[in-house]
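Following this line, the structures themselves.
Across the two complexes that follow, subunit A remains constant while its partner is subunit B and subsequently subunit C.
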Partner chain A sequence: MSDALSEAIPVLLVAAPILAATLPLVFGLRFDRAGWLFTTLTTSSLFVATVVLATVVYSEGTVIHQLGGYPRAYGIELVADRLSTTIALLVTGTSAGVLAYTRLGGPRGNTFYSGYLLLVGGLLGLTFTGDVFNMFVFLEITGLATYALIASGDGPESAVAGLKYLIVGTVGASLYLLGVGLLFMATGTLNMIELAEAIPQAQGGYENTLVRAAFAFVFVGFAIKVAQWPVHAWQPDAYQHAPDGVTPLVAALVSTVSAYALARVMYTVFTVDFLTQTPYAREIVITVGAVSVVAGSTLAVIQRDVKRMLAYSSVSQFGLVVAAYGLVTETALVGAVIHLVGHGIMKAGLFIAAGVIALGYGARTVDEYAGLAARRPVVAGGMAVLLIALIGIPPSVGFVGKWYIALGAVQAEVWSVAAVIFLSTMLTLAYSARLLEKMYFTPANWLEDPHAPDADVVATDGGSGPGLTRQSDRARPDAVSIGMLSIVVVAAVLAVALGFSGDLFYDWLEPFVSEVFN
Partner chain B sequence: MTMAMSTSTSTSTSTIVTSTLTTLAETTTAMAPLTLTSTPLTTPSGTEIDALTMLYPPLVVFAAALLVLVLPRIVGFAVGALSLASVVAVALFAPDGVLLSGTFLAFEVQPFFLDDFSRLVALGLGFLGTFAVIYAYSSDASRVMTAFALAYVSSAIGAAFAGDWLTLVFMWELMAITSTLLVWHYGGDAVRAGYRYAIAHGIGGSLVLFAVTAHYAVEGTFLYGEPASISTGAGGIPLLLAVLGIGVNVAFVGFHTWIPDTYPRPHFAASVFLAAFTTKTSALILYRAVPEGGNTYLAYMGGLMAVYGVCFALLQHDMRALLSYHIQAQLGYMVAGIGIGTTIGVAGAMGHLFNNILYKSLLFMAVGIIIYRTGENDLYKLGGLWREMPITAIAFAIGALSITAVPGFSGFVSKGMVLDAASGYFGGPEHRALYWLLFIGAIGTFLSFIKLGYYAFLHGPADYEVKDAKSGQTVAMLSVGGACLVLGLPAIGWPVFTDLLPLIDGSGFAGPEGPETLDPYSTGHLMDAAILLAVSVVGFKIIRKPLSKLDLPDPAFALNPATFYVGRGSMLAVTETYRAVDAAAVGFVRRCYWVGNNPTIAVDRAARRLPDRFVRVEERHPANGGHPSRIHLRASIGLTILLVTVLLTIVVWLLV
Partner chain C sequence: MIEYLDTHYTYVLAFVLLAIGLYMMIANENLVKKVIGVNLFQTAIFLFFVSVAYVEGGDAPIVPAETNPGELLVASPLPHVIVLTAIVVGVALTAVALALIVRIYAEYGTLREDTLREVRADE
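Take a look at the complex of A and B:
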């Protein structure tokens, strides 16, 4: 493949979905269902293009595109290296896969699909950008598209959740922008690679107050975006009240790509030297991550709404990733990336499964999942496999990520993280086991009982179901399509299959990681 | 139709099972944990010797033990005696080296290893064992007891032939088990003593096991002396563990209580076996662990054992208890010789080991006949028996003269060698204090055997009208006694004996200052013996009266209750800790599970325990039939922004 063409792929990946976002609106004037079709076509081609890009990156190394041909000093670069390509694969693959649910599961309407494509474009831009200010722009595009998608739910809670994310998320992005401004003041550049060289040469080097403050702002900004405890409050509401078709996309990708961006800024811009030489830098990152792991899992254990429980589980899993960043060892970084990808796949599958169950079975709380396995064996089986993978029982991608992170913690001799990983596994086991037990071992007798005591719970649990209806009334078994079930199964199979690919992942990421650490 | 189907299914299942079993069996055969190969030896001596090495002697003896159970009594005992005679043949004629080697659990082992040391010990054990079986036959020993005794003998011979520590540990534990069974078989008092015996050997065996494991961890092999012994290889703690573990079996002072506790209690023929095998084999193993010697602590432990043993022997009036303490005292000479570690010391220790097997068992045989005929264990209730049982008296006299090292008997040669080693007679380091300890031990030996002989055979008229030894007993005693006498004879006897000893060629050996020649019947040695005898005879006159009134218990017996309470305490501590941990873990999991299922109630209860200042809990009145209502933990937008500010402040404050 010619260099020009391969260099153009990152641009295409970012620009195509943003441009395509207009198509559903335009064609929607004539065709009601044009949105899904265009989105499917776009995301599938994006996925294919990303795979091609990955082969190029594998054979020829990092692909760098300078937008408009302007040099690095004042132009904007898009960089496809092994790390960003990995995330891009996750983004395009997941966004194509989730469409299998939205076709019949909704939300419907062409505006939704415009927002969908805009979000994909923002995420890919965030993934490939090599410029810290440009990163802010894509952070905002991503954010705005997400606010819109979340607010597209039916009930008033969706609007409130969208507003909450809008305000809190914008504060986060603003903090990041402040950090970027401080960096620019200290160094006079915005390009990531130039920043990495310029920061040590700034006055005082790593001890420069501006640089350190910049790190603080950037980190807290991303902590909000990644939903770290205690600044996670937007996330459970957003995940729970977003339409069932939106939650998988948001949960699997938005925080994941933000977490990737944090790694990019920490390791490519600030570099390993900054992290190891600045007092408290590692400790802060580790502490925030570790506290999130414990708090997130504990909160997940006490939830009764399944989507909310999974949302808190994300707080905890991202805490693990952030803590792994703070360990600053090669193994832990690889583990963090694997866990990002694995968590994305598992959460997408779990939220799709939760959507399918809500749609076809009317169940939204843990109690309502009773007896599910007997009535909906496929989706319950898929969910069970994904939950077990999430706990980190081998063979599963959840195990591989946790294993490398734990190994990194041991190498770095940070025993607290090792202990936290163990504890989080126990707590994950606790909330997963609750659900598994309900699905497989609790009979659903009360369903036949018209005066079921739990009918009230449904009414008061604040689920997105419309008002005072019973679960059985909400169930629409015929609304569940083969596509929905198959995407759950695909996610479950992937979660297990990737569990055998730990070495593959390691070999793939090794060049990037060793470059970062040298 | 259904029937047919199910039948065919079961048939196919059973076929699968069968084929699986076959595969399993093949696999097992292929992976057999123990593979042994007999090393073909090309010696000019011919096929008879090859035949000797074909069979692993302990296995032969063990087979005899099984045969004793099923064959008619006389045939069974004959087979037992012959199997032990074959051990003598192997010891005398089989060539040196590793005669059987292989792998056990992927470890290299040499279960059949012959050098001068194992040859000498096996010779003694086989010879004595043969006559002990004959003795047992005419002493009304039951077949079961003799089977246990032969199994015990086979494991002891296995331990003597072992060429590696793994085989040794195996045989060592087997020896402990079989000897315990031998004790238990008698019932009555012997059962509880057997328990204490088993505990002592369990502890000792565990210590040895630890030491051997540590030795393997350092050297990577279990084989003796390759590349180093325990003392030069692992050293330190493993060496200490090994010496202490073996110390239980060789009756270090403080670890010896099991001997006088156990040996007087079982059948008197069982005592003959017990007295010979465990302790003597263990002395050989002590040498295997510390072949370099030069260990002053060990040497002085030997000296202490000699003195401690004879002192408490003197105080005993149970005949077998007296002899039991003498086992400790005699082992003292062996431990001292091994500890000194010079050529003469080690050779003397081994010679004394060999002699001890003979005369100590001979003494137990003689005493056994007294018990057999009179039913009396207490020395003070006997007397004047030499008129009633002259053969027994003669046998006893030979044994006593040997053990007291009177010139003309085998003990004189070997004990003299150990004393020479301590005094540095043939060069080498001089241990003056040790020499005197051993000398005092020798006096004590004289005194206690004068006492035993005096009260049993001489003192007063006989209260009993009893028969003398039975013919089988006589044969056994006189054969063993004859050996004691022949191997100590001046001029003709003792060179035969010294030639058997390791490290000594004929009567010459390599001393530290050039070649030396043994001369046990030198004037100096004879003078020493005369002094010993004179002092002892005079001494006995003096102490006889006070001694008979003195009854001092062995303070080391405090170990028995101590072991019991420590064992019980630690057992309780372990089980109670385990129970507590188990209960805590189960309780924790159960509580977590409950909290997970009832989060609201849990939070509510937790909140109630907090002071009202922090959390004000309002009485809940669930409207839905007791089902917990929701907890409101939602952070508002404003609170979230506040938390963001707080977090940012902390991070900036820490970093800048």
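Take a look at the complex of A and C:
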């Protein structure tokens, strides 16, 4: 493939979804269901384009595009290397897959699909950008689209959750911006590759107070965006109250891409030398991650609502990733990236399954899942496989990620992280097993099951309050489509199949990782 | 210390504003005032960027065509451009926040967070 064409792909990937976001609105004036069609066409073509880009990156190395032809010193670059392409594949693949649920599962309306495409564009921009200020802009585009999508739920709760996320998320992005400002003061550049060279040359090198303060601000900003304990409080509300069609997308991608951006800034901008030479930098990152792992999974165990439980589980899984960043070994970094991808696929599948169950069965709490396996064998089976993968039982992608991170912890001789990984597996087992036990071994009790579709209660509780009506109204078995079930199955199959591809992942990421560590 | 304050008082001012904005976000029960706090927080960062760009004795970075550009002393234009972009982002953010607040007010009939908590607990 010619250079000019392959260089254009990253630009297309960022610009196309943002431009296409206008189409559902325009065509929506004439056709009611235009949004889904355009979004599906756009996201599937984006996925194909990303696959093409991945083959180019594989055969010819990193693809760099300078926007408008301006040189690196003051222009903006889009960089597609092995790491960003991996994340782009996850973003485009998941965003195309989730549409199989939203076609019938909602939220309906063309404005929703405009927001959907804006979010995809923002995420891809965040993935490919090679400029730290541009990263802030895409962080905010992603954020704005996410706030709007979360608030698009029927109930008033979703607006409150959206506003909470907006306020906290803005503080996170603003702190990141402050860090960028301090870096600019110290070095006078905003390009990531130039920053990596300019930081050691700044006055005092890595000991420069501005550089150290910048790292602190950037890390705290991203910790908020990735939802690390104790600044995770926005996340469970947002995931729980978002519409069922939005949660899989947000849970699988938004925090994942923020976590990727943190890795990018830590390893490409500040570099391994900064992390190892700055006292307490690694220790703080590891501590934040490890505490999030324990706090997140402990809180997940005590939740009643399934979506909320899965949300707290995300806090702990991202804690694992952040702790792996702090280990600063090649193996742990590869493990973190595998876990990012694996967690994205598993959480997308789990949240879609939770949506399908709420739609066809009316069950939202752990107790209401009783006896699910007998009546909804396909979706219960998919969910069970994904939960087992999340625990990290081989063969599954959850196991591969955790294995590499644990290996990295042993190599770095940070035994506390190895212990935390073991503990987190136990706690993940605790909350997953609770759900598995309800689905497979607790018989459904009709009298204690007010939201069941054919219980008598349903007919009478029509106007008893927004929470109750919503649940029982949604219990329509015929609303579950083949597309929804197949996407759950695809996610489960992927979670298992990728469990065999640990070596593949390692070989694919090896050039990037060895470049970062040398 | 006094000398530092004399030349760098804008930095101090920016961080005081930043703290006030953060405090408003946390302590104020009114949702609209929380959003004003967010705006203040962001504006403080913008002011910080602008004061970083200041060059003593420098003019605005608008270079006239006829003179030799190298001889002009101007403030750094890049932080200004950054702030301009960030202001646009901030405006969009405020718009979304206010739209959400309008919806919350329509649904719950209150703008106060403590009342909101009581209303939601009752449901």
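Basically, the second predicted complex is superposed on the first by the 491 of 518 C-alpha atoms of A that agree within 3 Å, B and C clash if a C-alpha of one lies under 4 Å from a C-alpha of the other, contacts with A are read in each partner's own complex, and residues count from 1 in each chain.
Going forward, a contact is a pair of C-beta atoms (placed from the backbone, for glycine too) under 8 Å apart; a residue touches a chain by one contact, two chains touch by 3 or more.
Note that the structure is a prediction, hence the values are computed from the model and not measured.
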Partner chain(s) touched by A:Glu157 [first = subunit B, second = subunit C, both, neither]: second
Which of subunit B and subunit C A:Ile167 touches, first, second, both or neither: both
First (subunit B), second (subunit C), both or neither touched by A:Trp234: first
Contacts of A:Ala213 with subunit B and subunit C, given as first, second, both or neither: first
Broader residue contact with subunit A after superposition on the shared chain, subunit B or subunit C: B
Touched partner set for A:Tyr147, first subunit B, second subunit C, both or neither: second
Partner chain in contact with A:Phe184 - subunit B first, subunit C second, else both or neither: second
Common interface positions of subunit A, toward subunit B and toward subunit C: 163, 167, 171
Residues of subunit A touching subunit B in the complex: 163-164, 167-168, 171-172, 175, 209, 212-213, 215-217, 219-220, 223-224, 230-231, 233-234, 237, 278-281, 284, 288, 299, 301-304, 430-431, 434, 453-454, 456-457, 460-462
Subunit C residues within the subunit A interface of the complex: 22, 25, 31, 34-35, 38, 41-42, 45, 48-49, 52, 78-79, 82, 85-86, 89, 92-93, 96-97, 100-101, 103-104, 107-108, 116, 120, 123
Residue ranges of subunit A touching subunit C (in the complex, touch as defined): 74, 133, 136-137, 140, 143-144, 147-148, 151, 156-157, 159-160, 162-163, 166-167, 170-171, 174, 177-178, 181, 184-185, 190, 465-467
Sites on subunit B touched by subunit A in the complex: 592-593, 595-597, 599-600, 602-603, 623-625, 627, 629-631, 633-637, 639-641, 643-644, 647-648, 651-652, 654-656
